[in-house]
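Here come two complexes built around chain A, the first alongside chain B, the second alongside chain C.
Showing the complex of A and B:
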C-alpha cells in the first residue's frame, strides 16, 4: 500500500487532456519526490477492458511517464488475471523502484479498491514538472517462458540474476506482445509544493 | 507505441526487486472452441493455431497462437479467452474469430510511372510482399480441414529467374495434414494468354516448425499457350513451359498477413527453374551478310538457380504510425542452351533496400474489422532489366498509396515513380 505523504502537498495546476473524454488521473507526491498517480476505475469498467479482464487470461496495463523538461522516461506495469476456478483476481504492480506483492483479491470491488492505490510513476526534485502519461492495455502477460527469458538475456546482455529479471520480463513482453486493446494519454503540468 | 513501451520498460529495470517471480501459470486446455465461425472451419483454425486439446500451455504459448491466427488471410481478428472446464484446473479455450468473406481480392492498383523505358516498375516494393501483384477469387471451406479456391493470380518473378504470368487457378488445401499441422495446396492453373495453354499444376506444402517458423516447399509447372507465328510465309511453332522447385524458410512475428505494423519477417528461399521454349530469331545470313535478316527457328533450354534472403522489421511508433525497413538480397545463376547462340551462362546479384511509413486512419478498436491507412514506400537497389542480355541497372522507386483492408480483401490505390 502506497502511503500518501502529508508533508508534501501537490497541486495540479491543470491537466491538458489529450482527449476530452479521458478519465482523470489523480496525482499525489510521496517522500523522496516520488509522484504517484491513482488510476481511474473507469478504465477497468471500459467494455473492451472488462471483456479482457473476464477472459481468464492476464490483462497488462503499461504506464509510461515522460517528463518534458528532463526527457526522463519512467513507467509502471500492472497485471491482472481472474482465476476462474478460485474466483479471485490475481493482481501485481511493478512500479518505480518497487515490485509489489502479488495480490489475491476476492471481489471486483476489492480489485477496484486496489486499483485506486496510487502507482509510483516518477521521482523528481523539481518544483514543477510537465508529464505525458500513456497507458496501454495489452492482452496477455509479460511473464514468459524460460527459453525466451534466456534468449533475451543472452542476446540483450541482460543477466537474469538478482534484480534484472524484471527487465527481461519487460523486454519479452514488449517485443512479442499483442497490439494494445486500447490506450489512454494524459498531458499534465504538476506543481509540487 | 512500441518504442514508448520499450523505453518505459527499460526504465523498469530499477523496479525489478530481488523478489522471485511466481512461475507463469499453465493452463490445461481440455477443449478448444471456435466461436462465430460461419464459413471458416473451426478445425482449420485450431490446426493453424498449433494448439492441441489435452495439453498444458502458458500464456506465451497462447499469445503466439493468437499471433499466428492473426496472420491468416481468412481471418480479420481472433480473441482468446478461457472458460472453466469439466473439472478443477481444466479449461476450455474459446477463440472468437472475425472472418473474411468467401470472396477475396488483393489488388495493387498503383500506376508507377517510369522515368524512361529502361526502368522496370516493381510492385513488390513493399516489405514482405510476396510474388504477385494481385489476386481475385473465392474460398470455400469443405469438410473439417479442407478448403477450395478459385482465383485469378499474377506473379512477379525476377526476369532472370522465370517468366511472369497471370492465370486462373483452382485448387484444394488440406490443413492439418496427417495430424501434423502441415498443409498442402494442390492447384491447377491455366495461363491467361491469347492462345491458352494446357492446364498445369502447382503444389505447395507448408510445415510449421514452430509458432513463428514455417517451411514451405513449392513445385510449380506452367505451360504457356502454344502459338504459331507466320513470318514471311513460313510458320514457326511457339511453345514455352517452365518448372519451378523451391523451398522457403520463414520466421514471422508480424501481426498481420497483408499490412503488418510490427514484428519481424525473415525468409530464406532457394529455388530453381527450368524452362524450354521454341521461338524464332532474325539473324544475319552467315552466307550473305548483306542480305536481309533471315528468320530461323530456335529452341532454348534454360536453367536458373536462385537464393533469396529477405529481412524486414516493422516498428509501431504510436497507435497509428509505424515504420519499416528491409533488406533483400538475391543471387541468381542463369544458364541457357540455344540452338543458334549455343551455351551461355551468367549470374545476377540483386540487393534492394526498402523503407516504409504508414499511418492508420483508424484507431485500435476499429482495426478489428479491417484497416484503412496511408502508406509511403521507397526502394533502392539493382535489378536486371533484360532476360537475355542480362543488363543491370540501379533503380529507385517511391510510391504513396491508400490501403483498405476489409472482410472482402485488400485494395491499394496510389501512384509511384521509378527512376
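Showing the complex of A and C:
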C-alpha cells in the first residue's frame, strides 16, 4: 500500500449494524496514518444531550475505537461544560496522542462548529481496517464524580466519624458512576487509499 | 428447647435483624438521600446561583466575591445532580447490602438454633442413659444389700432346723439363732440408712462457735478413722447451726476421705465478707472426673456393691442447704480434695 502525505481519500465500504436513524461518522486520514472521525452535530442536538449540556456539569463524550484485526483499543474524550457565570461553553478534546486546548466558545453555533472538527481516533499502517467505534455520552466528568462521592460520604451523617463511614464509603464507592445518557456504535470497514 | 421456644427465638432474632436493617436504612438513605433531592432544595440553590449573577451587575466591585459564592453553589447543585442520577442505583445497592446482612443474620440464627437443638437432644439422650445406668446400679446395690442378709438368714434357718432335728446342743442352736438375728440386724441397718435419708429433719439452729465445734470434733473423733489424722487450723466464727446435724456432715466428709486413702483431714475456717466458710481438705486420691458433676447425687459412689449406698454427700448437702448454706466441691485432684461448707445468713436464737 502506498501512503501519501496529507489527507487521503477514504471510502466507507459499509457499516454494519447501523440503525436507520444512527448519525454517520465522517472519517478522514491524517498524516502518519492517523484516522480521525468528524462527529455528527445531531449528537449535540439530541434533546437529552442538549439538556445535559446546559446543566452546569461537564458532559463527557467518550469515544472508544477497537480495531478488529489488531485488537488495538484507542480512544478520545470530549468534555463540554456550559459556564453559567460567563455563559460560555468550555470545551476540550483529549485525542489520540494529543490533548487539545481548552476552548471558550461563546455560542452554541461556535460549539457545533468546533464539534465538527475531526477527532483523532487511531493510528494504523494497514490499507484496510475494520473498526468498531463506541461513543458514550456521560452526564458528568470523573472529577465531578469524585467530588460528589467525597461530598456524599462526608455529609451522610454517618460517614464523618467512627466505623460506620467505611460501609457508606464502600457502598458509595461501588455505586456512584456516570451511567451513559445515550450511546452510539458504529462498525465500519475503512479502505485507506 | 421446646418447639414453641425455638419459634419464639427465631421470631425475636428476625425481629432484631429487621430492626437493625431499618436502622441502617434510616441512617444511610433516610437522612440525606431524599432530603438532598427535594425539588425545593434544588430550586433554592438555583435561585441563589442566579442571585449571585444578578448581584455582580448591581455591585461590580464585589464581583469576585459573588463569583466565589456562585461557584460554590454551582458545585453543590452539581453534586446533587450526580446524586439524583445515581439515586436508584444507590438505593438498590443499599437494599442489596441490607438483604445480605439480613440473610447472614438469619442464617447465623438458624445455625445457632439448630446447633443448640441438636446439643439439647444429645444432652437429653446422654442424661437419660446416665439416669438409667444409675438406676441399674442402684437396683444392683439394693438387690445385693437385701439378698446378702436374706440368703444368709435362710441358710442359718435351715441349719437351725437341722440342729433341731439332730437334737443339737442348746449352745449350737443359740449360735444359729444369733447368726439369724445378725443378718436381720444387717437388714434393719440397711433400712435405717434409707430412713435417715428420707427423714432428714429440719435443723434447730443455735449460735455456736465454729472453731470450738471443730476443735471438739477433732478431739472426739481423733481415732475414729484408722490412719487418718484430723487437724484444726484454728480460727473461729459464730454460726447458726444444728450441732448434731453439722457433726453428721463432718463425719460423712471424714468417712469419704478415709475411704479415699487420705492420711489427713485439715479443717480451715475462712471468712469471706459476711459469709463463713469451712474448708475440709484431705490428701486422698481425689474424685474421678466421671463423678465430679454428680458427686452430690444419691447413690453415686466409688465403693463396690455391698460397701455402701452413696448417700453420705447427698445427705450432707441437703443438711447444709436446710441451714441456708451449701456444701460444694471446691477442688479435687490426685493429691487431695477440698469440700467447702458454706454457712448461710440464717438467723437463730
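The rule is simple: the second predicted complex is superposed on the first by the 149 of 193 C-alpha atoms of A that agree within 3 Å, B and C clash if a C-alpha of one lies under 4 Å from a C-alpha of the other, contacts with A are read in each partner's own complex, and residues count from 1 in each chain.
Assume a contact is a pair of C-beta atoms (placed from the backbone, for glycine too) under 8 Å apart; a residue touches a chain by one contact, two chains touch by 3 or more.
It should be emphasised that the depicted structure is a prediction, and the values quoted were computed from it without experimental measurement.
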| item | value |
| --- | --- |
| First, second, both or neither for A:94, with chain B first and chain C second | first |
| Touching partner for A:84 - first (chain B), second (chain C), both, neither | both |
| Touching partner for A:140 - first (chain B), second (chain C), both, neither | both |
| Partner chain in contact with A:55 - chain B first, chain C second, else both or neither | both |
| Which superposed partner A:182 touches (first chain B, second chain C, both, neither) | first |
| Chain C-contacting residues of chain A that also contact chain B | 55-57, 84-85, 139-140, 144-145, 148, 164, 167, 171, 174, 176-179 |
| Touching residues (chain side chain A, partner chain C) in the complex | 55-57, 84-85, 139-140, 144-145, 147-148, 151-152, 155-158, 164, 167-168, 171-172, 174-179 |
| Residue ranges of chain A in contact with chain B within the complex | 48, 54-58, 62-65, 73-77, 81, 84-85, 94-99, 101-102, 134, 136, 139-141, 143-145, 148, 162-167, 169-171, 173-174, 176-183 |
| Chain A contact footprint on chain B (complex, rising order) | 1-2, 4-19, 21-22, 24-25, 27, 58-64, 66-67, 79-84, 88-89, 91, 253, 255, 261-262, 316, 319, 364-365, 367 |
| Contacting residues of chain C [partner chain A, same complex] | 27-28, 31-32, 36, 49, 53, 67, 70-71, 74-75, 77-79, 81-83, 85-86, 89-90, 93-94, 97 |
